[in-house]
């Protein structure tokens, strides 16, 4: 029964995401672009969500995304790799760096971990500025080529982006990566790995008492988180066709957290919903100019006061309970969502 | 006093642990034989908790060695110790509070899984079998420990006695050779204690050796094969319950001076040290220490 | 799943519903894209206030006439937070949603460069206040430099100071962001060509610094004749000046970007006397009556006058007048606009002498992609800028 | 080199003052206050208005900043943090709440005070020169005042009844409330004090550095570095961390003029925390 519902829900979702939306916005490249950005931001936030899941608040996701972006840009522009190779390469490099950094830093808990990862974002920015021979310094790497054709054994899997409507192409590529990312996340959370991650979130000592290799699992979680950031960053940079030290900043790192929190930590889809809602409403608030950050901050404070478990905790009269299962009990917290 | 078998299950040799200037455990040695129930007792601040953490690898000793089946296991990570069969339990609050009782125990079957983590991710056949096996075994353990009725309750809503049992169930799930129980009888009334004693004996009868740290003298006297008594970090006596009950030093230690304060200091330092060694657990305690240390 | 849907669908509806509220009279929309929050907020806000003030004046007179029809001018401003990705989505928004083809801004290299692919593809012209030559050189063709670039002003100022004050040594201090570092590198190159002795060209400070003692100590100790504050933000300049003086610096200080006299007066006071900067048409010696009117209006819009506005006043004026010359089709078709740029010329309305205002820049960009704003080199004295000399890029 | 040392002390003392407030809130409530830098900015703007705009004496402005910010701190606790923390003890709730308030203050400051960098006339002018070291008198005043405030704060925490109550609360809120400390009220006092410290730091620096609406985040990041170095929650740690960062920054700018200073500081910090996760004073050995 639940399986049928899950399948039904998933296909309905895919229908909206992959057919309805592109069709609705086929003539509006700006909105398509915004939706693509929202997709990739939700992908990057998914990593932060996973870190929440093991009980760590990662404020360095912007830094990892920047690493991914720069890796892709350098692989493409300096080594002449194709975008597709660079995309994988960027994910890989980000993962390697996250493991190296994570081994010592994951021992820190709570606000310490947050503060140090916050510094990681700044470290990434300053590193990008300080090694001009590789990163082109503060000038950034410009004019990155659009993704070329992806061919396997002579068969064109994906056409050259320059030859088709690039807004559509990027939308679908972004959607594909996002779906892939969230599907993996869903599997992780619902497999034994998810159980173990939840056990880390709740009590690392207890987990290690029955033989869980806590440090290793923490690093695995961070590596997955970084893989999302790296791939997302690489995609984003290619979409923008340029990368700068300011492409992902301290501000972005906080926004990623906020997306997760807004959507709700209790559901795998929290990051997705949060990123879409916040990013799109942000775009709509543009007209209010200088009041925009103020409104944004009020939303944020209001959320904390009245909707601490995120948008997905809002009870709909007809909801069938697919999500609470997906998220598992980990974040069904002691706190009850108050009504505004 | 006790005949030493050639290879005891666990042997600690000259174990010492210092926290700054304070010696929490001072040159303690003892051994536990396979199939035994060994209790470690002592007044507050005697260093029982520290010794417990040292034996289960949650702390690294300043000097001295720990052997398990003749193999040196000093300073290894706790999860390695668990893999070898040395499993500790915690006091009641340390469980996965937001999971059901059954899930608590299922998760704790970690070491028994045959499938790899990627295997679980992709949902291989082995992984599926593992899941099934864990559920069955977890149900069996819960039933055995009298938790069958509450298996689907969220752990944080369980009453005291059940929590203690759940903690032991988690320990059992890891398939221990040696189970270290942290004050399993604390805060129980006599009826509950009797039940708990039966439970612990039952576990031993399943082939698990047990070391327990305990306050409750009467329970200890009933259940233990042998007892080690600590005072001020030093071992002052070791022997059968009967022998211990008549030991001059022990009587003096228990009746002579009880020093609550020292326990406090001791515990706090234990926490801090633990934090530095392995995790950041001590954030809270260090910040407490800090604000007090206004220059 | 339904919850996601509910949310997604609500967003979709609102998102696609925000579309256009149509206008009865002819409206010409002009975009302003720039940084309007954070430490550099004043850069973008000045652009916006300038455009808004100028548009108000025009609208009160019934609009701007192009091809026989009067257009009301509507300014659509977007804050890019100095963030390239926000700038890109902002530019896309202006072009595709608001159907705007003329954008004033952005303010720095990264944001200006980031939107180049967008404006080229979307058929829009931008007037960035950033100096990178790549913006204005082919294959890029849709960006027009709205002010005097540092590499244009630098040599002129250095030359003037060599001739008049006999300076021989020079040192640079830059803010550690791409904009300023580029300006510094170009300044260093110019100084090298002029055979000035360069005493320091590495010192930088982080954006957001408020204590410049550490960075200045080292530079001032080298005792240069001229200390150039490369790409100094208006907020940094007075503090840099004050610090240099407190550290016993006796040489000349200069910068190649526009500054705000009031902020300098507030923060540095008399310590800033003799400070040389590049300003606009706002110094009393040279400004026209129209400039006076504009200044009054600007004060009404923004609350107070800002000298930076003197250089940024030209953007809207020249866009509209070029459109007038190119004809109404150019409103939708920037290639018509670009064709008109070659021959466009008008008297500068903001200067007393009414020298011609047209498009220049061929020596630097190999195409005419710069507005011929006057290079007003001014010196700070007793709370205000005084014109030192009026130069020209040509 | 003397100049470098002087710069280091000057920066370090004011950093210590800034870090005190953050560490106080952290120790009392386990809240990492992202809005600390913005409180600092707000304090600066109050002084700008009272001293620069209304032309009242500097010390009146200082007092005004302190009182305003104390009030803001109270409001924070009463209307925001208390309500959120009563429902959720999860760290991310209070962290995101404070991030939200940071953004709110920043945008309010931008709307009300404008985008410009603001400054006021110097309180004392003139520069001493001692063997090639330039010591502006304004900076000496800042060092003096910072030092005075730090000492006053320490004495307050040590020898007054509210101070002792706060310390008891930092150590263990439950025990403190059993001992008769009204923790709800003292939490408000704690916030008031912390915000006041940030505000006073902002205020005393306006005559020298000025203030603008966008400074907050960078100040907050620097403060985080300080308390990580010193050990979060420890007053001695905040002071040590502040002085250390000031000195390292000054040395860094001297030896690495190219902007690598903060990169080196960050990498050093990561290495340092790998070895000493609790910072300098986080553990009393």
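As written, the chain order gives the labels A, B, C and D, with residue 1 at the start of each chain.
Everything that follows uses one rule, which is that contacts are C-beta pairs under 8 Å (C-beta built on N, C-alpha and C of every residue); 3 or more make two chains touch, one makes a residue touch a chain.
Predicted model, so just to flag it, every value in this text is computed and none were measured.
Undergrad: When the mean CA coordinate of each chain is compared with the mean CA coordinate of the whole protein, which chain is closest?
TA: Checking distances from each chain centre to the full centroid gives A.
Undergrad: Where centres are the averaged C-alpha coordinates, which chain has the largest centre distance to chain D?
TA: B
Undergrad: Could you put a whole-Å number on the gap between the CA centroids of chain B and chain C?
TA: 70
Undergrad: Taking each chain's centre as its mean C-alpha position, how far apart are chain A and chain D in Å?
TA: Those two chain centres are 33 Å apart.
Undergrad: If you average the CA atoms of chain A and of chain C, how many Å lie between those two points?
TA: For chain A versus chain C, the centre distance works out to 35 Å.
Undergrad: What's the distance between the Cα centroids of chain B and chain D, rounded to whole Å?
TA: So the centroids are 44 Å from each other.
Undergrad: For chain A, write out the residues touching at least two other chains, lowest number first.
TA: As it turns out, chain A has residues touching two or more other chains at 107-108, 110-112, 129, 251, 290, 293, 333-334.
Undergrad: List, in ascending order, every residue of chain B touching at least 2 other chains.
TA: Expected reply: 280, 283.
Undergrad: Touching at least two other chains at once: which residues of chain D meet that condition?
TA: Answer for chain D, listing residues that touch two or more other chains: 26, 30, 107, 110, 217, 232, 258-259, 262, 277.
Undergrad: Which positions of chain C touch chain D when the two form their complex?
TA: Answer in residue numbers: 36-42, 45, 176, 200, 202-208, 210-211, 213-215, 217-219, 221, 234-236, 238-239, 246-248, 260, 262-263, 266-269, 303, 306.
Undergrad: In their shared complex, at which residues does chain C touch chain A?
TA: 1-9, 11-12, 14-16, 18, 36-37, 77-79, 81-85, 88-90, 92-93, 95-97, 109-110, 113-114, 117, 132, 134, 176-179, 181-182
Undergrad: Show me the residue ranges of chain D that touch chain C in the complex, using the header's touch definition.
TA: Per the stated touch rule, the residues are 3-4, 7, 10-11, 52, 107, 110, 114-122, 127, 129, 134, 136, 139, 205, 208-215, 217-219, 249-250, 252-254, 257-259, 261-262.
Undergrad: Spell out the part of chain B that touches chain A in their complex, as residue ranges.
TA: For this pair, the touching residues of chain B are 56, 58, 77-79, 82-83, 87-90, 94-100, 103, 106-111, 113, 115, 117, 120-123, 127, 130-131, 154, 156, 170-171, 173-174, 278-281, 283.
Undergrad: Could you pull out which chain A residues touch chain B in their complex?
TA: So the residues of chain A touching chain B come out as 107-113, 184, 187-188, 191-193, 195-196, 198-199, 202-215, 220, 329-334.
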